[in-house]
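After this come two complexes, each holding subunit A, first together with subunit B and then together with subunit C.
Right after this comes the complex of A and B.
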C-alpha cells in the first residue's frame, strides 16, 4: 500500500524521553521536599508520645534527619537514580523490592480499567454521535452518576451484589496471572467494573469530537465520492476524532492510578495503592516516596505512549 | 455555513444578567442549591438537630434497621446513624470549603496572570500546571499525611494546591479571550494600571467560568475527602465522618447491608448536587455569553413561488440529467423556520456546464448540498423535488441514494486541503474509493489510482499517492479531490467554487482540467462561483441567485449580452474584466440580506437603483422573457427596453 515516507516517530520518542527526565526529577524532589519542609517531625511522629528522647535522636540519626538538607537531598537523589529507594522503616525490606513485587497487581488493575473505559466508551460515544437523542442522554446521566458515586462505595455495592448476594466473583483478593489466568480474570472483574465513570468520560469525549469531525468538509467529500457510511464512521471519522479521546484516556489512566489507593483497599488487593495506604498509616516515608516516584514513572510512560498514538493518528504531528 | 453563525455575537453587557436569569429558570440548579443549603444547615446545627449524641453507644440496639427510635438505624456499636451523619457532614463540608478556597484563591490570580501577562509568565505557569497534572494527586496527599498524621486540613490544602492547574487553565483561556477585546485595549491606552484593568474589566467577565470550576471542584473535593476518610487516614474511628461510616459499614456487609445505604447515599447525592450545580452554571454562563442568539427577530416566511412548481418529472427530454423543481431548504431558529433556499428550479443536460453565480450567502452552496443530500446539521430540505432519471433524489431511501454517490453524482468542494482526510495517504483513500466502485483487487485498484492521478495531470502520481493532505499544495490537493470525485465515473459533477482558494495561474489550470475531463467523459457539470470569468470560461448556461432565489437564468452569451435583472447587471458591472474599458467600476451598494431578513417583495429592492413602488409589495415571480431566458423583475420591460433596443 501507499506507505508514507520516513515517519519521524523516533524523534518524538527521543524528545519525550528527554522531557521526562526533568519531570521525574521534579516529582522526586517534590516528594523529598514535602517530607523535609512540611511543619512536622517524622521521627517524633514515628516514635510517638511514649518514646524517649534517646529513641527519638537515634531514629533521627538513622533516618539521616540530623544532616543538612542539601546533603540529605544529594544522598537521596543519588540512591534514587540507582533505583534504590531506601529501606522500609516498618519491615526493613528494601523499598525497591517491595514495590516491584506489587507492580503487576496495580498494572493489571489500571490497564484493565483503562481498556474497559476505552472500548465501551468508544462504542457508546460513536452511537451517541450518530443518534443524538437517547444515547446522548444516557451518556450525560452516566457521567454525572459516575462522578457522583465514590469508587469505594460503588465497589462495596458491587461486592454486596455480585460477591455476597449472588456469589459470582470473589469479594476480595487477587490471583496472579501465572497461577490461574481464569481466576486472575475473575478477581479483576469487580475492581475493573469501577471503570464506569471512565466509560462515561470517554463516551462523552468520543461523541463530541465525532460530531465535530462528521461536520468536516472531508467527510462530505468522501461521502459524496461514494465511501460507504460504515467506513466513513469507523475508519475516517474515528481516526480523526481519536486524538482528544486518547488525551482523555491518558487522564483516566492517571486517575485510576490514583484510584488504586482506594480500590485496592476495598478489594484487599496486594498492589502499590494498598501499599501506599499502609505506608501512610505507618509513617513509612521511604516507602511512600518510592510509591510516588513509581507512579510518576508510570505516568511518564503513558504520556510517551500517548505521544506515539498522536503521531500515528495524525500524520501532521510527525512533521514537527 | 457562516450564514448560521453570523447572528451569534457575544454581548458582554448582558452577560451576568442573562446568566443569572437562565440559572433561576433551571430547575436542576434550584434543586441542587436547595439540597446543598439544607445539608449545610442541618450539619452546622447538628448539636441542635441531631436526635442523639453521635458517640452514644447502645449495645442493645446494634445494627438496627430504621425504626421510630433510630430513623436510619444504628451502627455496629448501636450509635444512631442519622446523628452521626449530621455530625460527620460538618467535617466534610469544612474540608470542601478549605479545598475550594485554596484552589480559587491561588488558581484564579495565577490564571489571570498567565492570560494577561503572557510571555514567560504564561510559559512558566503552564509548565507548572503540566508538571502537577502528571502526578497522581492522591499519592502526594498521602505523603503529606504520612508526615502529618490525621491532619485533614493539611490534606485538603494539599488537594487544593494540586487542583490549581484545571482552574488556572480555564481562567487563562477566558482571560486571553477578553484581553484582545477592543475595550480592554482602549482601557490600556487610556492609562489604567494593569491591576485596575484586570480588576475592572477582566475579572467581571471571568468569574462565570470560575464559579463553574469551583462548583465542579467542590464535587471532586468531597469525593476525595470521603475517600481518605474511608481509608481511615484522617480521623480516629470513633469520630463520625461520612467516609468512615461507609468503611464501618463495609465490615458488616454480609450481616447488615443496609448500613451502607445512608452514608453512601448522602455522599453520592451531595457530590451529585455540586456536580449538577456546576453543569447548570456552565449552561447558564454559555447562554449568557451567546445571549443575543435569542434576539434574532422571528422572520416572516415569505410566500413561495408556485410558478416553478410544475412538478413534472423528466419526460424523456433527451440528454436531461438532473431536474430540480421548487427546491427549498430551511433552518429552525428560535422556533421559527427560516428559509435559506427558496423554491429553486433548474435543469442540467448531459455534457453541459451550468453555472450558478451570486454573492456569498445567496444559497448557492446550500442548493448544491441539498442536491447531494449532504446538508450541514440544522438545515433541512423542506420542499421540492430533484429528479435523477425519473427518481426523486430527496425522497428516495438512504440506501438507494448511497448507490448513486460517486457513481452518478460527485462533488468537489471549495477548500481542497480540508476536503481530504488528513490522517490517510491520498493513495489509501483513492484505493478505497476505487475498490468500492469497481470491486477490483487491491493491486488493480492501486494501478487505477495512479492512472487517475495521472488523468488529473499530477506530475508525480506515485509520490502524490504516498503523500498526506498537508504535504500537498492547494492546486495539487484540488486535483486530488477531483480524482476522488472521478473515481466512481460520475455522470454529474458538482463543483462548489473549485478555484476560489487557489492562485490565479492554478485557477486557470484547474478550469482547463475540468473542461478537458468533461470533454473526455461527457459528464455534466454544475459550477458554483462568484466569478464571471469562470462563467465565461467554461459554462454553457448560468443561473443567478440572490437571497435564496434564482433571479435570472439564460444561456451564457445571452446573459453577457442582454442581462435582464438589475442584480445580474450590477454583478456584471462590478467585475473588472467585463466592464467597459475606461468606465468606472461600480459595486452594488449594501450587503446580501441574511436569511430571515428578506424583504417581502423583491428581495433585491433595497439595493436596486431602479426600485419602484410595485417592487416592494408582493413576491415577484420568475417570468420567462424569451427562449431559455427568465427574470425575476417586474420592471424588466421598463428597465431593459432601452438596453435591448
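Right after this comes the complex of A and C.
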C-alpha cells in the first residue's frame, strides 16, 4: 500500500475525503426519500394486525411519524451533524450502537472474501498466464462457472455438505475474534467460500493482464539479463499487471458489501447486510439511514485505498 | 450455541507500509483456510451446546420491544423467560396460579380481584406487591401502541386492598381477564416499578420470571441471551443455565441449525418445513394457529355492489373447495373450516363445519338469483405473508369457475396491505385464533376499524356481544356460538383453512407443548428430555 509522503498527497487525500461529504448527503437524502415512498410505516409494523387504529395512531404520534417529511429529515440531519445517528424506531436502541456492534461481522466477511478472491484468484490467474492454452481455457471456464452460480444457492450447498453431511464448520452464526480466534475463523469459512465469483473475476483479469505484460520487451530484456524467473513474474510482471486487478478487487469489495444482504441471511450472521434488510422491512428510517451512511463511508474509504494502491504500483500515477 | 456477541473488529487494521506487514494482513485469512480442515471441535457457532446447560431457540422475528406491556404476543418468547404471568394458561385451556394465587370476578364481570403470591421478587430485588401490579397496569395503558386498551378499555379504578390484594373496577362487563393476565396476552407479566419508572423495559428486563436478560451477551435484533434470575421464587422452574433466543429469518437456515445442533428448538416455522424436519430426525408440533380465508369487507356494496347482497357472499363461500385449498396451504397439516373458529375456540360450532360445502351449482344459482348470472369482478387486497398470496391465487381460480373474476393485488409490504383494506371490497386474511369477544373487538365489531373498514354492523351480533361480556362462564360458550352462527350466515367472511405455524425441536428436548386450546408453546416449560 502506498502511503502519502508529501503534503501535496496529503492534500489530495484530504480533498477526496471532503468530496465524500456531498456524496454522503446525496445518498442519505435519496435513501430518506425512497423509504418515504414505500407504503407502510414502522408504527403499523410494531402494532401489527391485532392493534387497533387508535393504538396505531397513538404510536405513530409518539414516534413523530405524523410530522412532515422535511421536518423529520431536517431533525435527522441536525442530529447526524452533532454525531448522533438517533435511536432505532423499532427496537429503541441507539443506531450507532446497533451499527458498530455489527460492523466487525460485515468487515470480517467482506475483507475475508476480498482477500480470498485476491490470493486464490491471483495464483490461478498467474498459473493460467504461464501455462498452456488449455490451462487458460480452464481459467476462463472457472470464471464463467464462478460468475454463473448464485450466491445463496452455493451457500445452501456448502452448508448441506460441510456443516450437515460432514460437520466441519458451523452452519450458522458468527463468533467474535476476541472471544475465540479459532471459532471466529471456523464461523467464517463457509460464508467466505462465497467469494467464488470474485476468485473467478480476479483469475481472469490477472491472466489477461499478465499475458500482455509477459509479451512486453522489458520482460525479454530481464530474461536476457539473467534475472530469475520467479523475480520476473512476481516482482516485475505482476506489479505491472496489478493495476487493473486492484480495480477489480475494489469492485469485488463493493459487490461483497452488497452481497452481505444475502450471505448474512443464509448464514444467520448478525452483520450490517442483515440489519439493512431488517430495517427496511420494518420501515426503521433512522436505522436505514445509518446503514446507508456506513456503507457509503466504507465504499469511499475503499476507493481511496485503491487510488493510493495505484500510486504505489505505478510511480507515474503518484506524480500525476 | 456459542455466543454470537459482536465486538469491535480487529481485522480492520490499517494497511502497513512494509511488505512484511502487508503479509501479516493475510494471516487471519490464512488461519481461516488452515482451520477449515480441522475437525469439528466445538464452539464455532455453538455446536457444542449441551442440553441442560444452554438452550438455543430459533425465532423468526426479533421483537420491537422487550416490554411485555406492549402485549405483542407474536414476540411472546422474548417475554416469557423473564416474566412470569399472574395467571398461567395450561395446554388444556384451563388456568393455574402464576404470580397470582387467587382471582375472582364479581358484580357481573365488572370487578376482578387478585390475591398475589407472597415472597416474590423482581430480578432487581424489589418485592412484587399490589402497588407494583397497579403501577404495571397503568404503565401498560399509557404505553403508546400497547394493546392494553383492547383488554382494559372500561377500567375505571384499581383499588389496593392490602400488600398483596387488589381489585380492578370496570364501567362495563370485562370478561377474559384470566386470558389477558396470562402468558398468551401478556398483561399479567408484571415488570419492576423501578424499571417502569426508568423507562428501561424496552431494551432490558426486570421481571419475576426464571431468567433475566444478559445484555452484554446480546445483540439487539439478532441474539438475546438470558441467564437465571437469582431472585426467582420457583427455583425448580429453572431448567437451563443459559437460554439464547436467536433470530433466524430463513427457514432453510433454521433447519440446518437444528440438524447440526446449533439450536435445539425453532418456533413459528412454515408448515412446509415439517417433512424435511421429520426426515432429519427432528420432532414437531403443528398447532392450528392461523385462520385463513377471505374477508368480504364491503358488506354494504360501497365499492363492489354485488357484495352488498348476502346471497353473493354466500355464493362465494359455496364456490370454494376448502379441502383442496387446505391441502395446498396446510401441506397436509391444515384443517378446512367454514367458520372463523376451530375446535378449542369458544365460538366453535361443529354444526357449522359443513355450512358451505363445495357446490358450484348452488353458487351459480345464488349468483343468478342476485342478478349476476355471469358473475362480476372482485378486487382483493393481499400480501405475500404466511401464504396469503398463495391462498388468493387458489381462490381466484376457484371463483373463476362460477364467473367471479378476481383481481388479486399482492403487496410485498404488510403495512401497505393493511393500509389498503378500505380501498378494496375484499382482502385475504390470516388471523390468529382468539376468543369471540376479542374477535368482535378487533375483527368484525363496529369499532374494529382496521378489519372492518366499511363499519358493518349487525344488531343481533352487537346484542349478543353485550350479553357475552356479562355472562358467567357456563353461559358464555353458548352466546359465543350464536355470534359465530350470525357471522357465518351473513357470510361476512369466506373462511377456508386453519393453518399451522410449526415448532420444531430436537429429540433431547421436552416440553414444547401446543394444543388446540393453547396454540403457543410456553418457553419456560421447555426442558431437557428424560
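The rule is simple: the second predicted complex is superposed on the first by the 267 of 320 C-alpha atoms of A that agree within 3 Å, B and C clash if a C-alpha of one lies under 4 Å from a C-alpha of the other, contacts with A are read in each partner's own complex, and residues count from 1 in each chain.
Heads up, the rule we're going with is that a residue touches a chain if its C-beta (ideal position, glycine included) is under 8 Å from a C-beta of that chain, and two chains touch if they have at least 3 such contacts.
From a predicted model like this one, the values you see are computed outputs, not experimental measurements.
In the superposition on chain A, A:90 contacts subunit C only, with no contact to subunit B. Once the two complexes are overlaid on the shared chain, A:67 sits clear of subunit B and of subunit C alike.
In the superposition on chain A, no contact is made by A:29 with either subunit B or subunit C. Shared-chain residue A:247: touches no atom of subunit B or subunit C. When both complexes are overlaid on chain A, the residue A:217 reaches subunit B alone and has no touch with subunit C. Of the two partner chains placed by the overlay, subunit B and subunit C both lie in contact with A:266. When the two structures are aligned on the shared chain, A:160 is found in touch with subunit B and with subunit C.
After overlaying the two complexes on the shared chain, residue contacts for A:296 are found with subunit B alone; subunit C is out of touch.
Residue contacts after overlaying the shared chain place A:239 against subunit B, while subunit C stays out of touching range. In the superposition on chain A, subunit A positions 1, 3, 38-40, 45, 156, 159-160, 164, 265-266, 281, 283 are in contact with subunit B in one complex as well as with subunit C in the other.
Residue ranges on subunit C touching subunit A, taken from their complex, read 1-12, 15-17, 22, 25-26, 28-29, 31-40, 43-47, 62-65, 70, 72-74, 144-147, 149-150, 202-203, 219-223, 246-250, 252-253, 256-257, 259-260, 262, 411, 413-416, 418-420, 431-432, 441-442, 447-451.
The touching residues of subunit A, counted against subunit B in their complex, run 1-5, 23, 26-27, 30-31, 34-35, 38-40, 42, 45, 144-145, 147-153, 156-157, 159-160, 164, 215-218, 220-229, 231, 235-236, 239-240, 254-255, 257-259, 261-262, 265-266, 276-277, 279-281, 283-285, 288-289, 291-292, 295-296, 299-300, 303, 313-316, 319. Taken in their complex, subunit B has these residues touching subunit A: 131, 133-140, 142-149, 151, 154, 219, 223, 226-227, 230-233, 243, 246-247, 249-250, 253-254, 257, 260, 264, 267-269, 271-272, 275-276, 279, 369, 372, 374, 376-377, 402, 405-407, 409-413, 415, 418-429, 431-433, 436-437, 442, 446, 465-470, 481, 484-485, 487-488. Those residues of subunit A that touch subunit C in the shared complex are 1, 3, 38-41, 43-56, 58-59, 61-63, 88, 90-93, 97-98, 100-105, 107-108, 111-112, 115-116, 119, 156, 159-160, 163-164, 167-183, 185-189, 192, 265-268, 270, 274-275, 278, 281-283, 305.
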